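Note sheet for the following structure.
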Amino acid sequence: MDYQAILNLIERELTPDIKLGKVASYIPQLAKVDPLKFGVYLYCHDSTSYQFGDSQEKFSIQSISKVFTLIIAKELLGKDLWKRVHVEPSGTAFNSLTELERDQGIPRNPFINAGSIVVADTLLSALDHPKEDLLKFVQKLCGDDSISYNEAVAASEKAHGYRNKALVNYMKALGNIDNDPDDVLNFYFYQCSIVMSCEQLSKTFMLLANEGRHYKTQEQVIDPQSVKRINSIMQTCGFYDEAGEFSYRVGLPGKSGVGGGIVAVHPKHYSVAVWSPMLNSKGNSALGMKALERLTTLTGLSIF
Amino acid sequence: MDYQAILNLIERELTPDIKLGKVASYIPQLAKVDPLKFGVYLYCHDSTSYQFGDSQEKFSIQSISKVFTLIIAKELLGKDLWKRVHVEPSGTAFNSLTELERDQGIPRNPFINAGSIVVADTLLSALDHPKEDLLKFVQKLCGDDSISYNEAVAASEKAHGYRNKALVNYMKALGNIDNDPDDVLNFYFYQCSIVMSCEQLSKTFMLLANEGRHYKTQEQVIDPQSVKRINSIMQTCGFYDEAGEFSYRVGLPGKSGVGGGIVAVHPKHYSVAVWSPMLNSKGNSALGMKALERLTTLTGLSIF
Amino acid sequence: MDYQAILNLIERELTPDIKLGKVASYIPQLAKVDPLKFGVYLYCHDSTSYQFGDSQEKFSIQSISKVFTLIIAKELLGKDLWKRVHVEPSGTAFNSLTELERDQGIPRNPFINAGSIVVADTLLSALDHPKEDLLKFVQKLCGDDSISYNEAVAASEKAHGYRNKALVNYMKALGNIDNDPDDVLNFYFYQCSIVMSCEQLSKTFMLLANEGRHYKTQEQVIDPQSVKRINSIMQTCGFYDEAGEFSYRVGLPGKSGVGGGIVAVHPKHYSVAVWSPMLNSKGNSALGMKALERLTTLTGLSIF
Amino acid sequence: MDYQAILNLIERELTPDIKLGKVASYIPQLAKVDPLKFGVYLYCHDSTSYQFGDSQEKFSIQSISKVFTLIIAKELLGKDLWKRVHVEPSGTAFNSLTELERDQGIPRNPFINAGSIVVADTLLSALDHPKEDLLKFVQKLCGDDSISYNEAVAASEKAHGYRNKALVNYMKALGNIDNDPDDVLNFYFYQCSIVMSCEQLSKTFMLLANEGRHYKTQEQVIDPQSVKRINSIMQTCGFYDEAGEFSYRVGLPGKSGVGGGIVAVHPKHYSVAVWSPMLNSKGNSALGMKALERLTTLTGLSIF
């Protein structure tokens, strides 16, 4: 498979559409990103890699971080985690309160905001130094100690995060938050503020394309059963209210963030990250969705 | 892979749990089935097959038929189909009216009742002899002309189908049903009444594990892109409000029916059908879910 | 109180606004009404009466009929009626299915469509000749045997009544309809097709402004406790999703219909009916709402 | 009308049922109230008054305070108030987030928590000393300078008020809160902590039974149109999800609080307050509801 030729074709095809969509603007730090950024990095099972564009520039990974905290929480809590968050796709927007009310404070899945806030709460209870431990975990998976939080983004999220504040207080009222709601949100906002490049993301996510082993050291970090579980949740819940659409068009498990990043994995084949800050109406990178659809179409490969 | 040994182990492990759950009882024809029936049939990409128990006894496939009508409608209408039904997982029960009201008559996906009724409506408009054509399509895929409707089941569904009647009339009111609502329901109830065995189902569904080719003749019936789409929808929407749970535990695209059947496919590997009439609280075969979870765990293989 | 002078003032003030709103158009029989019709008839406790405009022209009373069937059902069933329909205002549109699903088939109140369909079902079970009995009851209250159904309107409602068909079948599925759904709807559509003038309506509704006694014969038809109950339900539920707005602006119990009629009562003072076919966005007569608001403002009298 | 005899009869009839229901327990300060307290105070248009039991003991008025803030906000903002809160009855519980999400942050009415929080926000913007001004207003209406806040209750509400915190932050996210959410909640919790006796409440609420005039000085505090509006909102929205039931059984505008108080007015006749801390499942005083139903039944008088 000539992945580089395919990536080059995707770049040529899609670059003309780069202005479709809207950059996330709910906090100033995200609004000021250059909307014309576009990059892809694909890391293969055989350790080769392919890329184009801004694949090495760092951006705010936002909700992609929810996969990291989920992996850690699942390792720490095991099945007990599922008493506090379900694994069903949500029928509504990523920050909806209606389903949460109906389900009495148990979020539909760990990738909507409410669900990831519950996951953050479990880490706060289980870890001595949650902020440091999370960062170290990601750095280790990536083999890169330079990965860091963006303090300004975290602070800005906190200053504007009224809806997330509503979510965490609502779940606290219903008994599904153990720690102080403000502490939980602080950690959650830090988690979302991690900055990484496509290259870093694709390498890090190789964990889920490599049966739970580190892409470089081949250390077994999580077991293959856990990989199956995490990938399954990404497949059904990774794209807010557009999970079905992504699955339908791309056919790979993946996760997106409002910073314009999307990461997807093809187990035993590759891990790929794409970045383009312009979002579609559902909050997912418009060009990123297209790039990944073209990738699975042009390679003729998907999990299906 | 010694599939037969794995199946034998699953049979031994699960048979003691056979009485968990409840047989569907909303129509007398389903209620009188023997609750202790249990069978599996697995058909491999290399034309070998493995089985145990009641794998050759016919049962009411019910909602599994929704995959057949979807395949036909997708071939006939192409992208126009998605103007009338979405491909997003539903956050509520399979026969809910609430989401339908919120989404103004466009069902969330083709595997909830409302969505399949819309699909039935498109077939009524597009085919000269929908009932005959559907049956011929299934017979051809299976290579077995004996597959038939069960008139008594269809009649009983009709006599008790008040909720489906509500759904079709509601969508008619909102402009998403072209034909007479009663005609649409008649066809829909026939579709659900098809009787097939695990063996027949697994062979028929090989289409989706064999890149769109007939399991025996290798004729290309639908193109590989369509297979990717259909499998994706099964993955995210195939199990009512339990799609995420099934995906999480089993990790394969699949579809269940209230008759107790479940079919699942592992693309390029196998197609498998299981039958056990006792249902869990979500309306899916309790033993069937467990059998498939054990299958992907024991083989160590899933799409993830 | 010089009611006639007040009515004259209202006519002068409001006639310029007569073109605001839209005539109901979901069935042709209602769409073809003259939109410029405007009339008021006010019948006083002391048997005097006042009017202007088209106060003696008959129109389709539609949902105003729901008060008549409720009165009869309450007399026949007593408290048992409230096992099948609640008396709480609805938070959604008059024909919503969402609340009905949440409340498991028990309608919020007898004045939304679902509630009145349940009331119709009780009359079908309790009366030998429901159609004839209903008409006789209204004729007797009004002292006018000429009141009749409009067959064309009833037939047209039936031909277009998909949403009501959805409602009745849904409640049948949930066990809150005893009779055949089609029979219930037939009766319901007849009930809605009654034609009456403002004069006839105001006289008939004197029952609820005269402590349960006939306006002319002073016969005690229902007891004062029942009057309190019925008026209370009109106050909180009489105007679909605009009950609070009407109560706020007018301050009287009342009931509207999509034919453009509104009737309201001031207990121990008067009964008033207004007709103007142009509806506001909530489906209530735009001019009718204003006329009654002016009436209680100019008289300085309301129940509050 | 021998009101005292009627009150005596009510006391005799209902005292045996005094243990039905449950005292509010979501904050310790409310949980420790004596559940056997029971008192009524009725103040007549002719300045006579009648009472029994614990009618002069002070209790936490809680949501009854929402009427006071609404009156002030309506005077200060006029019609602009209705851009930020509707006057429609709510179809769900008093602290629901679902309707708020559907209506994009505009609460259904000023008597559900979300609505009263918006009202509190308007007072914070419009008044220099909201806490002092509110208290002075109530003291003046009652003619009693001893009325005060309960600091312990306010502090306890704040410590446990996660759900209200969710509500205010959610509305802030949707642009319907101008001030800092914590400041708004602080004021709101103070407002709810006012302690008053039945005697004080009934005298204060004479404003709404006396066409807007002070019960003692006869000063015109608000105009009669405003009285009509406020009473109308109490009628349709005063009892959470039980407004229809209260209206149906009692037939008077009123307002309840989780402290077990209920106040109701019969315009031009009387104002009445009842206190019994045991609540029914909807959060309204069980005995209070019964006492008022008996009152309007035994007097044969209601607004209907």
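Going in written order, the chains are labelled A, B, C and D, and every chain counts its residues from 1.
Keep in mind that, in the parts below, a residue touches a chain if its C-beta (ideal position, glycine included) is under 8 Å from a C-beta of that chain, and two chains touch if they have at least 3 such contacts.
Everything numeric here is computed off the predicted structure, so don't read it as measured data.
Asks: Using the touch definition from the top, what's the fewest steps needed to get from subunit A to subunit C?
Replies: 2
Asks: If every chain is reduced to the average of its C-alpha atoms, which one ends up farthest from subunit A?
Replies: Of all chains, C has its centre farthest from that of subunit A.
Asks: List the interface residue numbers of subunit C and of subunit D, divide the shared ones by all numbers used, and answer same when the ratio is over half, different when under half.
Replies: Mostly same residues: over half of the interface numbers shared.
Asks: Mind checking the centre-to-centre distance between subunit B and subunit C? Centres are C-alpha means, answer in whole Å.
Replies: 47
Asks: Taking each chain's centre as its mean C-alpha position, how far apart are subunit A and subunit B in Å?
Replies: Roughly 31 Å, centre to centre.
Asks: Quick one: subunit B and subunit D, Cα centre-to-centre, how many Å?
Replies: 55
Asks: Check each residue of subunit C and list the ones that touch at least two other chains.
Replies: If we look for residues of subunit C contacting two or more partner chains, we find none.
Asks: Which pairs of chains touch each other in this structure?
Replies: Here the touching pairs of chains are A-B, A-D, B-C, C-D.
Asks: Subunit D touches which residues of subunit A in the complex?
Replies: The contact residues of subunit A facing subunit D are 96-98, 100-102, 162-163, 165-167, 169-170, 172-173, 181.
Asks: Residues of subunit C touching subunit D in their complex?
Replies: So the residues of subunit C in touch with subunit D come to 86-92, 99, 108-109, 224-225, 227-229, 231-233, 235-237, 241-245, 247-248, 251, 253, 267, 296-297, 300, 302-304.
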